[in-house]
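After this come two complexes, each holding chain A, first together with chain B and then together with chain C.
Here is the complex of A and B:
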């Protein structure tokens, strides 16, 4: 093994690269657990890619076969149920960890100059992540997936003038049908994964190019440094294994969070089940559409929220990063978070 | 413009035109064609006509007419028909015989027997159709 490594080293000099990128790459010693969320997300993306490829080997993207192919996979293929549950619950966990990652960046002010592009790529990844969840949600062609997609795609119709065309373009027709399934399948398995990989690579490249941010408060020059490998990798592993444990608690003990009764019924385009609700991360949006009397206003508010999030580094240009020294910003973040949680709980209970 | 600048512009122009040449058919390929309007008989999703007697028995039924989900109601000896797609977010409405209202299961909107919004967020009333029964088939016409 050593001889092979030496042979490769003689030709490509990889040891220098490993040293500069891992063992010799020094990071601040005071990085807290919030800095490990990115690694947890990378692990979850890996899990999604691996389980997604395995699911593809049995899935049939036709409205007449999709539901049965997913059911057969869960019931007849060895460990098919496990692969499917991991894929579904890891998607939920991915959105949760991504929200925690963004929240920590917000509170620690790490989106500020010179890290604007990192923040923007992160917000784009958040949007792509939600779209990946939505497009994957339709694929089992269950009652839940069919109606969640109908409601989500219909929301675009509230945009003035071009709204109806947008809905038809998203669905490929007037209703959610085979064309929609084909589009979402193509997006979910062959467009979003490479796009995701590219933007994650850009996000990591920017992090290394600009430098990792340290928790605010102590000047960076005064902070002790430790090597990325093995010190910080061990910290990352601790967080990753914690979330892996959370994932498997969900997979083995509470799979119903991703598979309610409506997910076990094939899609019926002529019957909307009572009290149909989207996944938890869309519940706040869903409830907002119920509360706000005008649909365009409801969608507009959500669009405005997304735009503010995306452009945040250009709106908040102050140098101060300590959260307690930014009381107005902190109040807005806490109020937004409380609003999101409140609408989510309200949507769940109503 | 020097020779190098000219070649730079030329490369950019060729690249852009090639991209456009490929993009145009892709956009057209992905843009949905206008759907054909189906016939005016209420059918199942498979295209089988729904007999009027089954609606008389159950009071209401959702089927397909003009290619769209359509709700047909038989109440107090009278036939009524409406588009079944809620104008809010596209859920399929249902007939609530106890309160004689049409209800959307998604956000709880209610429509009257004339299709107008009684409560809830839908921006538009449900479109109404005139109903005729012929040889046990349910035929719908623009109201």
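Here is the complex of A and C:
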């Protein structure tokens, strides 16, 4: 063992790398659990890639075969059901953890100078994450996936002037059909994964260059440091194990999250199932569009929200990061969160 | 509206017939009653609209357009004799059996038609409760009807129980396509009986279907076994993962700062 290690060392000089990147890389000792969300997300992306590739070995991107291909996959291939469920439920968990990650960054003010670029790359990743879910959701071509996609793409129709064109552009036609499936498939398996890889790499690169922020509260000079490995890696693994447990509770005990009865029926464009709604992470937007009397206003509010989020580091330029010292900002965040959750619950119940 | 893309979507089915007929409430209650009842029916649930039975144009805004007999083939309220034909457009097998039954082959004035037993607008999922003393003693003695009901009940109950078990499996995310198919075939074979009205046939088929349900029941049992084994495995796995998280927690604590 030692000999092999030496042989490799002579040729690669990895020890120095290991030292600079892991054992000698010092991070603040008081990093809290929220700082582990990033590595949970990395783990989840890894899971999506691995299970996605396995799904890809049987999936057929044609409206006439798609549904049976995923059903047969779960019926006939050993552990196919498990792979399919993990991919679907982990996608939900991925969005949830993305939200937690973003929220903690907001509340701790870590998007502030000099981390503006990291924030922006994060907002882009969030958008990509939602888009990956939207595109993947259609692929099984079930009643649920067909109609939820119809409803979700319909929302784009509220955009002034170009709305109808946007709907058509998203679907590749007037309605969701083979063209839509084809392009969502291409996006989902060959465009989004490399984009993810690239932007996640940029996100991490920026984090390493600027250094991770310390939680707000203690002045920079007084913050104690610990090595990234093993100290912080253990904390990351603790969080990862926890979220894996959450994932498997979903997979084994509440698969209905992703596979309610409508997900077990093939798509039928002529028959609208009752009570069809988009996925939970789109429900707030969907409900907002429904309740705001003027649809331009509804979509305008959402556009504004998105733009504010994207440009936040340039709008909020104060140095103060402690949430309680930024009462106005905190109030806005809490109110928006309450609004989001309220609309989601409302959308779910109505 | 430009953009037919937006027009479709997931709304409860409604159309001009429904709208206008509901508006007639004050003029004539009988015109508003059909849409009210229909909204609670299995047909509404399946988007079967007024014009599917009556003809007419569902987008016609005024009576003339909506009740157009020429282009839109509006037929008004069908006469009793025409009703089996109207329903038979979609319920082909039922129609076929009904046309061979004594209920159709009897004198015209005495015939019960589809709506006599099912109603016209408030149509619900069919069950054996449709055979009851009130309906079936209107024109003849209840005795024979009752024997048919008794002969069918046991098997009907079995089929219902199996349906519930399949539904439960499905709601747990299991693939029940083949179970569903088998059940559907058995149910259809069996339900045919309610329109044939032949007691011997009822007894014979109830017996065969009864046996088939045993086989199906075994297959469902296998799936239920798979489900509970998976749950057990999932529980063990989750417990290990939580232990892992705890382990990491203490390992980190032991390193200190």
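Keep in mind that, in the parts below, the second predicted complex is superposed on the first by the 349 of 350 C-alpha atoms of A that agree within 3 Å, B and C clash if a C-alpha of one lies under 4 Å from a C-alpha of the other, contacts with A are read in each partner's own complex, and residues count from 1 in each chain.
Keep this in mind: contacts are C-beta pairs under 8 Å (C-beta built on N, C-alpha and C of every residue); 3 or more make two chains touch, one makes a residue touch a chain.
Only a predicted model underlies this, so the values are computations on that prediction, with no experimental measurement involved.
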* Asked: After the chain A overlay, clash or fit between chain B and chain C?
  -> clash
* To do: Have a look at where A:271 lands relative to chain B and chain C in the superposition and call it first, second, both or neither.
  => both
* Asked: Now for A:224: first (chain B), second (chain C), both, or neither, which partner does it touch?
  -> second
* So, A:29: does it touch chain B (first), chain C (second), both, or neither? -> second
* To do: Determine, under the contact definition given at the top, whether A:317 touches first (chain B), second (chain C), both, or neither.
  => neither
* In the overlay, answer first, second, both or neither for which of chain B and chain C A:3 touches. => neither
* **Touched partner set for A:295, first chain B, second chain C, both or neither** => first
* To do: Considering only the touch criterion stated at the top, classify A:13 as touching first (chain B), second (chain C), both, or neither.
  => neither
* Answer with first, second, both or neither: which of chain B and chain C does A:169 touch in the superposed model? => first
* Asked: When the two structures are overlaid on chain A, which partner does A:179 contact: first (chain B), second (chain C), both, or neither?
  -> first
* Structure fact -> chain A residues contacting chain B in one complex and chain C in the other 147, 150-151, 154, 157, 168, 171, 174-175, 271-274, 276
* Name, in rising order, each residue of chain A that touches chain C in their complex. => 29, 71, 74-75, 81, 85, 147, 150-151, 154, 157, 163-164, 167-168, 171, 174-175, 224, 226, 230-231, 234-235, 237-239, 241-242, 244-245, 248-249, 251-253, 255-256, 258-261, 263-264, 271-274, 276-277
* Which chain A residues qualify as touching chain B in the complex? -> 147, 150-151, 153-155, 157, 168-169, 171-175, 179, 183, 269-276, 289-290, 292-295
* To do: Spell out the part of chain B that touches chain A in their complex, as residue ranges.
  => 30-32, 35, 45, 62-64, 67-69, 84, 88-92, 94, 104-108, 121, 123
* Structure fact -> Note: in the complex, chain C contacts chain A through residues 2-6, 8-13, 45-47, 167, 170-173, 175-177, 230-231, 233-235, 237-238, 241-242, 244-245, 248-249, 251-252, 255, 257
